[in-house]
Amino acid sequence: METARLLISCPDRPGIVATVAGFLAERGANIVALDQHSTGGADGGEFFMRLEFDPQGGGFDEAAFGPIAERFAMDWHVAQPGHRKRVAVLVSRYDHCLVDLLWRWRRGELLGDIGLVLSNHPALRDEADRAGVEFACVPVSPETKPDAERQMLELLGDRFDLVVLARYMQILSATFLAQVGCPVINIHHSFLPSFAGAEPYRRAADRGVKLIGATAHYVTADLDDGPIIEQDVQRVHHGHDVEALTRIGEDVERTVLARAVQWHLDDRVLVHGPRTVVFS
Amino acid sequence: METARLLISCPDRPGIVATVAGFLAERGANIVALDQHSTGGADGGEFFMRLEFDPQGGGFDEAAFGPIAERFAMDWHVAQPGHRKRVAVLVSRYDHCLVDLLWRWRRGELLGDIGLVLSNHPALRDEADRAGVEFACVPVSPETKPDAERQMLELLGDRFDLVVLARYMQILSATFLAQVGCPVINIHHSFLPSFAGAEPYRRAADRGVKLIGATAHYVTADLDDGPIIEQDVQRVHHGHDVEALTRIGEDVERTVLARAVQWHLDDRVLVHGPRTVVFS
Amino acid sequence: METARLLISCPDRPGIVATVAGFLAERGANIVALDQHSTGGADGGEFFMRLEFDPQGGGFDEAAFGPIAERFAMDWHVAQPGHRKRVAVLVSRYDHCLVDLLWRWRRGELLGDIGLVLSNHPALRDEADRAGVEFACVPVSPETKPDAERQMLELLGDRFDLVVLARYMQILSATFLAQVGCPVINIHHSFLPSFAGAEPYRRAADRGVKLIGATAHYVTADLDDGPIIEQDVQRVHHGHDVEALTRIGEDVERTVLARAVQWHLDDRVLVHGPRTVVFS
Amino acid sequence: METARLLISCPDRPGIVATVAGFLAERGANIVALDQHSTGGADGGEFFMRLEFDPQGGGFDEAAFGPIAERFAMDWHVAQPGHRKRVAVLVSRYDHCLVDLLWRWRRGELLGDIGLVLSNHPALRDEADRAGVEFACVPVSPETKPDAERQMLELLGDRFDLVVLARYMQILSATFLAQVGCPVINIHHSFLPSFAGAEPYRRAADRGVKLIGATAHYVTADLDDGPIIEQDVQRVHHGHDVEALTRIGEDVERTVLARAVQWHLDDRVLVHGPRTVVFS
């Protein structure tokens, strides 16, 4: 059964669920999963909903839904049955996140397709080749950064619905982010907001923390400060030096990033200001 | 804001969400939270839904909802605004689960009220007294068990919506369970189905497991085999003997039982044959 | 069997284990548990060891061990068989950590004895009374703080081996810490270094983290910056507001604090500069 | 620095640590890590120790250690500096465990070398080829099993120190296990002893458990009953069908198996009857 997915955010008020569910029922669609969240509060709060449904032939009628969306001032997104998001992965030299994403894609765990691996180093070309994915290398230096980013934007074009930074070690400029035209997910190798910035494993070792973690978040112009999609941690102890923390942490990184990407591709994540609503 | 909670199970088919949400919208009720689950499958599957809503004066109109429930063959339950479930706790000599439940109740973490502590030993009378809860002691021996259970049923009467077995060390007969007239939640001190039956910590030590756990489940006539509400585990190692496993496990037990009781009191648990649907 | 516990830190070099184990073997002592950690490094690194042993009558001969300790420049501490550390607990109005510690003490989970509950509010007097523990109330205001701390130091005297801040909401001055004469353990209600300082749960909600945590650490003059003994986290989601985070977090707090206190009382924690070595 | 690793099990009695540490100290060896465990008990109990040390040229003198081992009736094993264990991996058609082990090996996370991938299906030949590892396919049917096992034993020869069953879907006979001549580690796709035997994910779904797990254990003639090395679990809920449990579980499987293999290769695991002592 091919299902469609509908994501809605809007100011909360009575009747939204009834109206949307009524719209679907009139067209014979059967709701398979419905998740809803309201923030409450004095002003009515914000309303968030994810619907997964079998639209029974012809797909979800976007034009007919327009007036409803307008009436409730909805911010909405629909993924029609069979739609798969197109993904570009940016990497540098660390392979663990890329290898994991490619492997999950090959075995059918991703509701999307990886169409490009873009790197500032040639190191991971073989991984892309083996998976049959286009690889492009755009070196970046402080002097060439604006040019490099222009070149990257050209390579990306409008071919992608999602860009994943799988340990891409360059900071993307606000200009790049404004022009990339799709959401960007990053994996940070610490349990944010702890150890934002550089060398989190070394700083975790210095501080003597007993758990290390990783954070997947949407990228905004403020470094390491975008809406968090997923985090996880692993227990460590005094016997683990920076190298051991790094090795343990890399396992957390690839798991956390995979979950965040899967949830995004499955239309389970809504951005709510500096935070996310995740219907996992 | 006082909310009502509506729980529904029925055969799945198109239009259920629209009908129920429409019913609420017509009466001006605002849906605060909606969780829905469908099992799918060839025959349409089963449909489960939890609605939390502000019924806007007068509460939820059960009589008006009757025909809808009938139309969809619903098994349904409503908790009107302000309703608190009444709880009886059965214990023996272990104090950890009782102490934790009483403490959570006192600090307002339970959407219900503990009205009776019933034990086959006098050991925990002081704990009940300190919390200002009625305590009754009904000793049980193999010979007196039928009499004891009759006495317990009389003490319980129809005063309670939930019975919690907080490490009650007697096995309740099928007769008792048939007559108690409300759900019964038990905490088993293992990660079921591992180590069902007696002495799970000793058997866990013998088997050399690396995690020990606890399981909260609804009690059925089949011992340790009722629908599981919640489970959790804690890491252990070769240095932990039976006594250490017991101490570590008791922390898991009280946490798992508290979650299961809270979710039940909050109308978040639906029974689905031998399993549960938990909207946590 | 009554065991003694010996904790040693010193510069690493060959022969330390052999010498200490030889000293014990000559006296017929049987080693029950031995944990050792070396930091390595160019200069030989630091050496840490915990020994638990049955000294076979007469206890551990501290005088005879002196020359060995001197030879290796050891920082060392011995807990003779049967020794129980004396503990004072400082609290304010939150009860969860105190209730948990008193309960664990009553049921024999602590290798020490709680002899004083000291608070800046009268709120938790009943909890101390019920456990049969001395309670003292020393209110603190910005103006009276120096006087209050003097009064607290007098109440503590030299009666205690450990002071536990079980959600004590006042900041202790460097003067107090210099004079208290024993280690001080604090529980901070966040996963440090995230959300050091005030209102961690509100700030966690604002940042939209997906896990919340607690940290038990030794108190130093730098607020929330002392050596971390233990940390743990619990998964949360967008549906949890500040109140829910607080309730979930309090369960983590009491668990993490209990572990840290147990490990300290069991002589399992060594301080290594800004970090700890924990032989758990 | 190249270290040696010494593993010892023997009946417990005073003086073992002193004797072994003294032996090393006399030869100028520096102990880097020492873990010790005693089971205690009326008869003195069992003693287990792992020593990691820098033998300072020439390696550990096994001949000189012989009399000590004999005096204490030691079961012992030494890994000389630089020694890497040789590993054969048996697989069928599931790729997740093999892919993960090969990837960890390539990036230097294993203290050993994978020298053979042996399968009853040709499906994973490409994975072995890409890693540059010998691949052999020995189909197995009920009729050909004795022959197939003989052929497998020939292929293995005495070339390997460890055999890893990375979701090998055939049951090895007692004859094979008696002749293979090295330890065999298996990954079972459940939290043993729950769901021993076939189809654990389907049975987990039927039982409605709230956590699923995996277990790595040494293989003995009793199926799924060998000494457990490592276990872990992942939270699941009513929305996860068998397919989802399988996908989530496979992530647990590969993580648990990798840890068990790493610990074995690092000489951190001692077998103690039906259990293990793991110095992780």
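A, B, C and D label the chains in the order they appear, each numbered from 1.
By definition in this document, a contact is a pair of C-beta atoms (placed from the backbone, for glycine too) under 8 Å apart; a residue touches a chain by one contact, two chains touch by 3 or more.
Quick caveat, the model's predicted, so the values are computed rather than measured.
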Query: Of the other chains, whose C-alpha centre is the longest way from the centre of chain A?
result: C
- line: chain C turns onto chain D (C-alpha superposition, degrees, nearest 5) by 180
Field: Whole-Å gap separating chain A and chain B, where each centre is the average of the chain's CA atoms
entry: 37
Statement: CA centroids of chain B and chain D: separation to the nearest Å works out as 41
Query: For chain B, what residues touch not just one other chain but two or more?
result: 33, 37, 239
- prompt: Think of each chain as a node with edges to the chains it touches; is that a line, ring, star, complete or other?
  reply: complete
- prompt: Which residues, counting only chain B, touch chain D once they are in their complex?
  reply: 37, 191-195, 206-211, 213, 227-233, 237-239, 272, 274-278, 280
- request: Going by the contact rule at the top, pick out the chain A residues touching chain D in the complex.
  value: 33, 95-96, 99, 103, 107, 109, 130, 239, 247, 251, 255
Query: Which part of chain A faces chain B closely enough to touch in the complex?
result: 1, 12-19, 21-22, 24-25, 28-38, 40
